[in-house]
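Just below sit the structures, each encoded as structure tokens.
You will see chain A twice below: alongside chain B first, and alongside chain C after that.
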Partner chain A sequence: MDYFEILGIDRRLSLDVDFLQKRFYQLSREYHPDRFASKPAAERAQAEQKSALLNDAWRTLRDPLQRIEYLLKLEGLDVVEQRTKDVPPELLEEVFELNMALEEARMGDEDARGELAGMRDHFLQLRQAIDAELQQLSAEYDAAPGSPKLQQIRGVMNRRSYIRNLVNEVEKELAPSGQNTPA
Partner chain B sequence: MAYSNKVLDHYNHPRNVGSMDKSDPNVGTGMVGAPECGDVMKLQVKVNPETGIIEDAKFKTFGCGSAIASSSLATEMLKGKTVDEALAIKNTEIVNELALPPVKIHCSVLAEDAIKAAISDYKKKTGAEVPAATASH
Partner chain C sequence: MSQVFDIDFGEHRKSKIVGIDLGTTNSLVAYMDHTGPKVIPGADGELLVPSIVSYTDGQFVVGNAARTLLIEQPERTVYSVKRLMGRGVGDIKEEIGLFPFRLASDSEQVIKLQLGEKTLTPPEISAQVLAELKRNAEEALGTPITQAVITVPAYFNDAQRQATKDAGRLAGLEVLRLVNEPTAASLAYGLDKRQNGVVAVYDLGGGTFDISILRLHDGIFEVLATNGDTHLGGDDIDNRLLRIALEDIQSEWGEDLSKNGEAVQLLRRAVIHAKEQLSYVPFVHIQFEYGARQYHRQITRELFESLITDIVDRTLGPCRQCIADSGVSIDDIDEVVMVGGSTRIPMVRRAVEVLFKAKPHTELNPDEVVALGAAVQAGILSGDVEDKLLLDVTPLSLGIEIMGGVVNKIIHRNSTIPASATETFTTAVDGQRNVLIHVLQGERELVKDCRSLARFDLKDIDPMPAGAPRIEVRFLIDANGILSVTARDARTGKEQTVEVKPSYGLTDEQVEAMILESIEKAEDDFAQRQVREARVEADNILAATEKARASDAWLELTEEERQKASDAVNQLLLAYHAEDHHLIRAKIDELNEATMTLAENMMNTAVRAALKGTKIDA
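Right after this comes the complex of A and B.
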């Protein structure tokens, strides 16, 4: 049983989280241990298993990004199992250049460091645009599910991973604790 | 994550960091990456066209300590080897040399991919075919 099945919903990427939550609460009551206290051990164990699966399903599917990663995995396109050939050279070039620029600003003098805040804004804008793109692609996938669309979505997820990393890096650099360490 | 001494050594004193002219016909460039960890690795080889021996190797990696150490070690291993010997380098050699833990083995795979991509690029420039470079699994 997968996460969509335990929640009794179709494999979709655009989900109404309020609806999902209602469904989760309703099923949680159904599989609640109290209701199985007097039942045979096998039945009790099964309810416990379902309850655990339900919790995992809710935690994963309520988040749009985790939902995408999960669906990709179900459809045999696990982001963790990619090889280099799955990552287009243009993306690697772009990410390499962004990392280079970040490193130069980080290692540089005060002027160069002054660019860090601007870089953070730029990375955040990129991330925002990617999230909008993912939302759009999710809707397109739901309207016409298929492997090519999922491949496209995985490509955008890859780019998002890289940009997210850059955001983390630049924020680490801008954090006051990093700069004001007493000598 | 506790890094082995060899990883720390390569991380703190990376060998052969830098870049070479991408448009040089004797230079092969490989760019690879692992999006889920945010790693991106550029590795370049400079081949002597007369002897087919790799005379120089450079890298620049953005990523974790193990990814940096793996590519640093890879450039050391490449120097002095022929192009075909370089293609025979396996990620397990990097794993053993750096004592990488199982969760970091993918870093060595990335370095092997980078070597193959760089050699493939060089061979493409010289007009030779290398099916091995893209067919690795």
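Right after this comes the complex of A and C.
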């Protein structure tokens, strides 16, 4: 049983999260191990598995990005973790500038830190644009599901993952030393 | 006249499940009746059973009775043992300095404490507290209790939870569920006050701090996020006041009392009393007398607050993180519920009010609310409470060690439990038969900064070229927050053997051995009780015979009868000190027989006397 099936919904990328939550609560009342405390061990174990699957499903599908990643995986299209070396061509110039600024900041150049903050904001804007694009593509996929659309979505997801890593790197540099930023 | 009734006792025969708050300082047991959850008092009428255990004269003493022994026999008595649950010797260096824990010399993987001549692990000591609560409940409800819901701090890790479950098993309780303390409190609170909305529960107890944020939705209690510190609580405040008092005394008396167990416990009691008073009055006097010397000091609330500011502040970081993780903003939080004795401190209440921008709720008794919630959860499990459901989360992320000493997180903190994750593993060398998986708990990126939970050994993998095997490993965190791991060969679907090596705490085999031992001990205890009862009976018959020998009835016996009776008395006296109740009872029977005529004579004398209207002593 996959996440869509346990929640009793179609394999779609645009989901009404409020509806999903209601469904989650309703099914929790049915599957939660608390409801099986006095039942035989086999039934209890089964409830536990089902309840875990339901929780995993709700946690994954309520988040639009995790939902996309999950669906891509179900359809055999894993999102590959982007390494910093594989620069998407359209970002080449910006990444080059960013690396320069990072280098300078590491050398102790205070001006470069300000420059970095500006670049971070720029990349955050890019990420927002990507999120809007993904929302659009999700709606298009739901209207006409098919592999080419998923390929396209995967490409955008890879670009997003690359930008997220860039932002993390900049934030790590900007954070006061000795402090880790959560991923 | 007799008639056979076919009565259905089904509802009554159903064994009761109790809810237990196993606290650092105090423990309580509660149950659910048709009017709602109730706390069950102990034999002394008190609802709170101090979590103090003493081993004296071959017996365990728990609760208020042990509180006195803490002063009289500090080397046989222990408190705050919850701080040691599920921890290794290396973890507790700080505790050892502050608490009078006496580590046994063979504490290596598992902590063992010395109570007089006895050596015990923390779960075994906690089991004594649980057993006391179990007895209290059995006494009050008039039925054997074998199943319980036990609460744990929300921020307890896997090992600490496992240790609590072990303690339950050792006490003869099937632990149907471990419930997080703040969540339990919210159940009691939601039953009483609120049906819908977002609630934060701030729980500062004797030794632990938890913060949880929940969404209440038509009977569903969904924990959105939790955070905390399992080593932060009222104990820390006590220890700080104690250290100051000890320093004062050293400079005033020129004597270091800190190594004197009895004096330290008396002084500790005095500072705790002062601390508690300071929640209600602006200043108090610490009064302490020892060895004809006196120590006296006034403490104002102002000074007290300046002493504990950093302790109170330490609760605020976890609160902020919890709010951030919950995905709600501070303004969305409708109410803050205060739990735990330390929330009586006005400074704590102020700090919470400032942070959450809401007046904290203090109308529920902060000492009882967790136990009441545990009883509600017991009602949910028994099916008596149908409309409520708790959806709790795991407090810490679960990860596995990957290359370079890095932790790869597979189940993130604040995931609703039960939660699961599946990972596929393979081999690195041709023909490799075993794969070792190191599982950790914590938020940091490196293995050395997280807490090692266990090592799982995937065994008997079919020999194949490196990288060819595909072993699918499923990690499941159950509704108690405890991890289990299963594995199967993805190609054949065959179940794969997994050997678990817990990093801390007891193995299943060790717990089993302890249970067996405790059953043997219980048999010993039972035998001892029978001996005691037989002796009481012997005392009675010996006293009666003694009395009869001083009466006229004795003179009415023949010489032979008197001899027989005297011999039987001697025989019983000889048997009296043997640890054999069969023998004692046999000799009691013989004495009974030998004094039959004597008893008849006594009776006749009594009847004659009664007829004459004279008073006699029967």
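Annotations for the structure displayed:
Quick note on the criterion: the second predicted complex is superposed on the first by the 140 of 183 C-alpha atoms of A that agree within 3 Å, B and C clash if a C-alpha of one lies under 4 Å from a C-alpha of the other, contacts with A are read in each partner's own complex, and residues count from 1 in each chain.
In this section, a residue touches a chain if its C-beta (ideal position, glycine included) is under 8 Å from a C-beta of that chain, and two chains touch if they have at least 3 such contacts.
Computed from a prediction, not measured in an experiment: that's the story for all the values here.
In the superposition on chain A, contact is made by A:W58 with chain C only, not with chain B. Within the superposed three-chain model, A:S138 lies out of touch with both chain B and chain C [touch as defined at top]. When the two structures are aligned on the shared chain, A:A37 is found in touch with chain C, with no touch to chain B. The partner that reaches more residues of chain A, of the two candidates chain B and chain C, is B.
In the superposed model, A:N165 makes contact with chain B only, not with chain C.
When both complexes are overlaid on chain A, the residue A:E48 reaches chain C alone and has no touch with chain B.
In the superposed model, A:R29 makes contact with chain C only, not with chain B. No residue of chain A is contacted both by chain B in one complex and by chain C in the other. Residues 176-177, 217-218, 220, 222, 377, 380-383, 389-391, 415-421, 443-445, 476, 478-479 of chain C are the ones that touch chain A when the two sit in their complex.
Only residues 79-80, 82-85, 87, 89, 91-93, 95-96, 99-100, 103, 157-159, 161-162, 164-166 of chain A touch chain B when the two sit together in their complex.
Residues 31-38, 40, 42, 60, 62, 110, 113, 117, 134, 136-137 of chain B are the ones touching chain A in the complex. Only residues 25, 28-29, 32-34, 37-38, 48-49, 51-53, 55-56, 58-59, 180, 182 of chain A touch chain C when the two sit together in their complex.
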